[in-house]
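The data blocks that follow each hold one structure.
Look for subunit A in each of the two complexes below; its partner is subunit B in the first and subunit C in the second.
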Partner chain A sequence: MSLWVDKYRPNSFSKIDYHKEQGQRLKNLVQHGDFPHLLFYGPSGAGKKTRIMILLRELYGSGVEKLRMEHMNFQTPSNKKIEIMTVASNYHIEINASDAGIYDRIVVMELIKNAAQTHQLDANEQREFKVILLTEVDKLTKDAQQALRRTMEKYIATCRLILCANSISQVIPAIRSRCLSIRVPSPSNVEIVSVLLNICKKEGLTIPMELATRIAEKSEGNLRRAILTCEACKVNQYPFDKNQKIVEPDWQNYICETANVILKEQTPQNLLNVRSRLYELLCHGIPTELIFKYLLKQLLTKCDMAVKREVIQVASDFEHSLHRGSKVIFHLEAFVAKFMAIYLQYMEDTVRAV
Partner chain B sequence: MFLVTNRKRWVTPSFDSFVNDDLPPAKKTTGKKVSLHTAQSAAPGISVRENSSSTWLDKYQPKTIDELVIHPKKVKEIEDWFCKHQTNQRKKYLILVGPCGCGKTVSLRAVARKFDLDVTEWVTPLDRDFNADLHGDEQTYQSAAEVFEQFLTRASRYPSLLSVQKSKIILVKDFPNIFLQKPEILHGILRKYSSMNTYPVAFVCNDDNLVRSLLPDHVRNECNMHTIKFNPVHCQAVLKALERVLNLEQKSNPNANIPENIDLEAVYQSSAGDLRSAILKLYFNVRAVDGVVGVESKVSQGRTVRTKQKGKRGAKSKNGDTKEATDKDSNIDLFHLLGRVLYSNRQCTKDSGQEYRFVHNPNELVDTCSCQPSSFISFLQENYASRFSCIKSISKAAEKLSFADVLLSNINKETDTTALSVAIRGLMVANDKPVKSFKPFVKAPSSEDVLKTSFADEIRVAFPNFLHSPRDIVLYTLPLLKNSSFQFNDSQTEIVNKLSRSFWK
Partner chain C sequence: MDAFLRGGKASAGDEASTSKGRKEDKKLKKPTPWVEKYRPRTVDDIVEQNEIVATLKQCLQGADLPHFLFYGPPGTGKTSTIIAAARQLFGDMYKDRILELNASDDRGIQVIREKVKSFSQVSVSSVRPDGKPCPPYKIVILDEADSMTAAAQAALRRTMEKETRSTRFCLICNYVSCIIQPLTSRCAKYRFKPLSRETMIKRLNLICLEEKVSYDTRTLDLLVDMSGGDLRRAITCLQSCVRLKGEEGIVYDDILEVTGVIPDNYIENLLDVCRQHNYDKMEHFVEEILSKAYCAPQVLEQIQEIIIPRPDLTDAQKSHICEKIAVCSWRLQDGASEYIQLLDLGCSMIEVL
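Here is the complex of A and B:
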C-alpha cells in the first residue's frame, strides 16, 4: 500500500497546489526542450523533488517513472572501494554523493564522466542529453563541489545537472553562478490546510478545520510531515476529533528532553550526560541544524529576556563554526557548555540581587 | 645476504653466508646490508669484528646467554621453545615482539648459538634491476612473494657450505611490502611451509599492530606459532650492559681515553629502554668527551663503584652537557600527554598567586605530541569535561576546542599544529581548578551517522518509493507512523526495530 504522500503527489505542473506561477515558468522553460543546469533549493518538505520529477516527466514522458535501483562501484586512488546506491530511469540518474563521505569528490567526477561520455541511443526521438540529479548538494565537501564546477562545464553537451539542496549557503558561489537557481519556498499554513482538505476529500474522509490547522502549525511548513501526520492521525483515530492528539516525531521530544536536562543542572557531570544524548541523536541521523533549532527553541522558553539575545548569538556563532569545522559534537557541546555558563551566571546574579 | 643471483646462469645459486665482495654489483642485497650481515652472523672464519671501524654494537654484541642482560625468564622462554621444537617438528614458528632495541634479535642469536644452530636472515631485495628483469632472456620477473617462498624452501633444503652447524633457524625481520597489503599470500606460504620437514622460522618485529595484522590469531593457532613479548630493557640491565661495553672497550683498547665522568644514568634516561640507542649514545659520549677533557685511565672496578653510587642518588644527577647532546626526543606516550594537558600543574611565580607558569610548557607538549593533531584533539574533547570542576571554565575550554576544530578543517594542513596548540593552551589555561581524582581516559565513541552506512541502502530497499530520501524516512515517515497501527511490511518493521533499538527511552 502506498502512503498518501505518494498517492496524491501531483504529476504535472497543472496539478500542483501552490507556487503555481513558478510551476508555469518551469513548464515554459522545458517546453523548448533544453534548459541550463538547475539548482533547486528550499526547506525540506517544500516540494523540490516533486517539481523535479514533474520537470523530468515533461521532458521525457512517463518513462522517467520506471525507476530501478543500481549499485555503482567506485574506486579511490588508495584502492578503497566505495559502493553507492543510485536510482535511475532510462533517462536520468539520481545519486546522493554525500553518502560517500570524504570520497564524494571521486563519486561526483566518475559518475558524471560515465554518464556524459555515452550519448543517448536514439537522439532523434529523445533529448540529446541525459539528466543527472544530485541530491543533498549542500552536504558535499568543498572538494567535491570544486570538482563539480569543472565537470559541469565540460560535459554540458551531453548532460544536464539538476542539483537539489536545502540551503544554498553551503553551496560554493562558483556552482551557484553556473546554475539557474530555483527557490522552492515552503508552503504557508493556509496552503497546507487546503492540501490536507483536498486529500481527505479524495479519501472520502471529513477532517475538522481546527485539526487541519493544528496539523499545519505543528508541521512547520513541511508538507511531507503534514500529510504523514494527517495519515497517522487517521490510522490512530477516525472519525477525527478536533482536539485529537497529534503525533510528534520521537527525536523531537528527545531533543526537548535534552533541553530540560540542560536547564535542570549546570555541572560538568551533567554536561557529560548531555553529550551522550547528543551522540545518540547524531548517530541516528538527525541533522545538526534540527538539533540546534529545537534545542535553542526549547531553551529559550525558559530563559529570561535579559539573556535571550546572548544565547541566540552564541547559538548562531557555534552553528557557524560547526559548518566551518568537521566534528559536529565539538560545536554542539561548546554551545551547551556556553549556555550552561550563561544560565548559571544569570541565576547567580538574580539570587545575589535578591 | 640472501640469494645472490647471477642472471647469466640458469640455476639460481642460493648459498647463504657466501656473500663476498668480489661478486658483480647487481645484487639483490644492498652493499650495506651485506657487510652488516657478514658482521653479525658470519661463520667463525670471517673476522670482521676485530675491525676497529665497526661500531660498538657489533663489536660487543653478546655472544652467549650469560652475557645477555635480558630478563632470564625471557631467555628461558626462548630456550624452552627451542627445546620443544627439537622434540616436536610441528612447532616451527616463533614470533618475537617488542619495542626497538630491547634485544629480540640478539637474544635469539645467542640462544641459537647455544643450540648450535646457524641463523639465516631474510632480507627483502631492494635494488632489483627491473629493466634487467624485464628484458633479460633467461630470467623472468619474480614477485617478492615468490622470491620469499623460494628463499624459505631453499634455505631449509641446502645448508650453508661455509657453516659447520648441521641445523639452522631462519630469521625474518623484514617483510616484503606485498605481505602488508595482502597478508593472505604470506599465510598461504606459511601453511605450505609448515607441512614440510624443514627448519624453524623466527619472526622478529617491533610493531605489535603490524604483527597482529600480518599474522592474525587464527593463523597463529593453525600454524602452531609461539609468541614471545619483550618489554623495554629496565634501568639496571641497561646500566649493566653499558658497564660491560665500557669494560670491554677498556680491555681491548687500553690506550683509549675513556672519560671518567660519563653519566650512565643520563644515557639510560635519554634512551628510554632502548639498548641499541643507549650503546650508540654511550659511544657518542665517549667520543665527544674524548680529547676535550683530559682523562686519566681508570681501573674498571673503580667505575663500577662510582656508577652504583650515582644510581643511588637517582636520576636527578645530571651531567649538563652530555645530557643535552644525547637527549633523544623523549617520546611521551599519548596518555601521559593527555594527563599533562588535562591535569595541568601550575607554579606560582609570585607570592600573590596571580602570576603562574605551567610545570609542563605547552609549547613542548605541542612539540612532543606524536600522534595526529586531529586524533589527539578528539581525545582531549572526549576527556576534558570530567577533569573540570566548574562549568564556566568548561565553556571557555569548549569554545577553544570548537575553534581548534575549525582550524583543523582548513583545507591546507598547515594549520593543524596551530589547532593543536590552540586546543592544548585553551584547555590548560581554562582549567584553573582541575579535578584531583584520576579517571581513566577513554576513546571517543564512533558516532557514525546510520545514514552514512549501508543502513541507508536497506531503507531505500524497504521503502521503494524513490522520492523519499532515507533521511526523510528516518526523520518523518517512521517516527510519525510507527506508533500508530499503520501496516508495515516485514522489511519495514525490521528497519523500525533497528532504529528504535536502545533509543528514545
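Here is the complex of A and C:
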C-alpha cells in the first residue's frame, strides 16, 4: 500500500494537473537533444521533482523508473572517508551533495568526472548523454558551486546536469548563466482543491468541498503536504465531515505555543523556558528558517503597526546574523529577548495611555 | 551507481571526446547546446574585447606572450578567448602545451608546486612535428582563479617567476579583488567588459539566422536587456525559448518567463499596498511573490528600477528605500531568509511612502 502522494504522482506531461502549458513546453524542449543544463526552482511541494522525473522518462523511457539506492564512497585529500546515498537508474543518478557538508565539492566533482568519462549505454543509442540530478543546489557551498562552472561546460556533450533548488537566490550567477532556469510556482488553492477532489474520486471517496478547501488553505501552496493531510484526515475519520479537525504538523503547533509562552510573560525566568523549547525544536531538526518565520508570524499577530515594524527590523537583523555565526540558538534567543523588551515597553505604554 | 558508471564502454583517456578537436567532426551527430556550438573558435570570432584581441593577434604574429590576468563578469568570453588563442598558437599540439586547471581541480599548494612544476620543466621546441614554427613555450590556464586560496596563490608566485623561460600563465577570474597583489602585478591585466547592446544583438541575430529562428526586434531587445551583458546567458535563453516553444517563433512573453523577471504590475501593486499602509496586504503580497517562486534579489532589483525615475516620490523617500534595499540585498547574500527580508523592506516602504 503506497501513500497517495506516490500512488497518484503523474508520470507524463499530459497527466499533470496544473501548469499544463509549462509541461507541454518541457516536452518540446527534450525533443531535441541539444538543450542546456536545467535548473528547476520553486517552493517545496510545488512539483519540481515530479516534473524532473517525467522529463527523464520522456528522455529515456520507463527504464529510468527502475531505481536502485546505493551508497557511494568518496575520499577527501586528507583521507577522510565520506559515504553518500544515491538513487540511480541506468541513465541517471540523483544525489544530494549537501549531505557531504563541507566536502560537497569533492563529491560533485568525482561524480561528474566519472560519469562523463563513460559513454552512454550504446545498445540502441537513445541519448548520447547521461543525466546527473543534483538536489538542493542552493545548499551547496560556494566552493562546490564554483567548481561546477567550468566542469559543466567541459563535459556538456556527455553529461547533462539537472539542478533542483528551492530558491535561486543562493545559486551563484556564474551557474545561473550556464543553465536554463525553470520556475515552478506553487499551485493555487483552487488547483490544490481540484487535485484533492480528483484523488478522492479515484479512491472512491466523497470529500465535501469545504473540507478540501480548508485543507488547501492550510497547506500553504505545498501540494505534497495537502495530499498527506488529506490522507491523514481520511484515516482519522471517514465518512468525511466538512468541519472535521485538520491535523497540523506537531512542530508547527509547538512553535505557535512557544510564541504564546513568550507573549504571556516577559521575564528572564520565562526566557529560560523558551530556551528549552527552542532547543527542543532544534533537536528535532526543524530548519531554523521555519522556526524564525512561524515564531515571527505568531508574535506579530499581537502587535500594532509601529511595533510590528520594530519587531521585523530586529528579526531581520538577527535572522541574518544567524547565518554568519555558528551557534543558531544564540541568535534565536537574542531575538526572543529583544522581542520581550519591545513588547513589555509597548504594553506599558498602552496601559499608561489608558 | 555502478551500472550507471559502468554502463558504457570503458573509455580511458576519453578527454578528447569533450575537447573541440574531435567535436568538430562529431558535431553533425552530437547535439551540443548553442553556447558550445557558437563558442568562438578563433581569436577573430571574439566580439567586443578589442584590447586583448589586438594583443593576442600580435602574439599570433610571433610576439612574445606575457602572463595574462583576465577578469570580468560571467559570459563575457574570458575562457573562450584564451582557449581559442591557444588552439591557434599550437594547432594539433594543443594538448601537450596546455595545462588547464579550474575550480573543479584540486589546487592546493602542493598541487601548484608539483603539477605545474613538472608540467613546465619539460622544455619544448619551436617547431611543430609538421615543420611549421610554433612558439617555444607552454601555457598554464588557471581558470576561476578567484576560488584559489591565498596560500596557493602565494605558492604560485615563485613558480611563475622561476618558470618564465618555458611557461606562460593565464589567470582568469570574475573578481580581481580575490587575487593577491603580488600576482596581479606580474600579469598583463585585461578587463572583460559586459558586452554592449549592439554587439550582443549582432551576435544573436547571426545565431537566429543560422538556426532559422523567427523573432521580432522588440523580443531581442528585451533578451539583451535581461542578460545584462552576459552573452552566454543570452544565448542560453534564446535557445531555451526556441526549444520550449517547439515550432513557433519566439515572442516577448517567452523571454520574460525564462529570465525569471517579475511582471511589472506585481511590483506596482506592492508599492500601492505599501502606500495604503496596509500591513496585512503587504505580508500577503510577499507570500504570494515567494510562492510564485520569484526570488527576492530580483524583487529588490526591480523595485529599485521602478522607484528611481518616479516623479511622485521625493529624494528623501527614494534614498531611504534604496538604503534598505542595499541592506536587504547584502543580508540575502549571506543566506538570510527571503521572507523576513522582504517583510523588512515592505515595512520600511510603508513607513516612508
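The rule we apply is simple: the second predicted complex is superposed on the first by the 335 of 354 C-alpha atoms of A that agree within 3 Å, B and C clash if a C-alpha of one lies under 4 Å from a C-alpha of the other, contacts with A are read in each partner's own complex, and residues count from 1 in each chain.
We adopt the following convention: contacts are C-beta pairs under 8 Å (C-beta built on N, C-alpha and C of every residue); 3 or more make two chains touch, one makes a residue touch a chain.
Every value quoted in this text rests on a predicted model; they were computed, and no experiment measured them.
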item: Overlay on subunit A: subunit C relative to subunit B, clash or fit; value: fit
item: Partner chain(s) touched by A:R183 [first = subunit B, second = subunit C, both, neither]; value: second
item: Touching partner for A:P239 - first (subunit B), second (subunit C), both, neither; value: neither
item: Which superposed partner A:G101 touches (first subunit B, second subunit C, both, neither); value: first
item: Which of subunit B and subunit C A:I286 touches, first, second, both or neither; value: first
item: Which superposed partner A:R324 touches (first subunit B, second subunit C, both, neither); value: both
item: From subunit A, separation angle of subunit B and subunit C (C-alpha centres, steps of 10 degrees); value: 80
item: First, second, both or neither for A:R225, with subunit B first and subunit C second; value: first
item: Partner chain(s) touched by A:G61 [first = subunit B, second = subunit C, both, neither]; value: neither
item: Subunit B and subunit C, minimum CA distance [Å, superposed model]; value: 8
item: Common ground on subunit A, meaning residues reached by subunit C in one complex and by subunit B in the other; value: 143, 324
item: Touching residues (chain side subunit A, partner subunit C) in the complex; value: 25-26, 28-29, 31-36, 41-43, 46, 68, 70, 72, 77, 86, 88-93, 105, 109, 112-122, 128, 130, 143, 146-151, 153-158, 167-170, 173-174, 176-181, 183-186, 220-221, 289, 292-293, 296, 305, 308-309, 312-313, 315-316, 319-320, 323-324
item: Interface residues, subunit C side, partner subunit A - complex; value: 1-11, 14, 17-18, 23, 26, 29-37, 73-75, 79, 102-104, 106, 108, 143-144, 146-147, 174, 230, 232-233, 236-237, 239-240, 243-246, 257-260, 277, 279, 290-297, 328, 331-332, 334-341, 343-344, 347-348, 350-351
item: In the complex, subunit B residues that touch subunit A; value: 378, 381, 385-386, 388-392, 394-395, 397-399, 401-406, 408-409, 411, 445, 447-452, 456-457, 460-461, 464-472, 474-477, 479-481, 483-487, 499-500, 503-504
item: Footprint of subunit B on subunit A - complex, ascending; value: 1-3, 5-6, 9, 44-45, 49-50, 53, 67, 69, 85, 87, 94, 96, 99, 101, 135-136, 142-143, 222, 224-225, 228-229, 231-232, 235-236, 247-251, 253-254, 266-269, 271-272, 275, 279-280, 282-287, 290, 318, 321, 324-327, 329-331, 333-334, 337-338, 340-342, 344-345
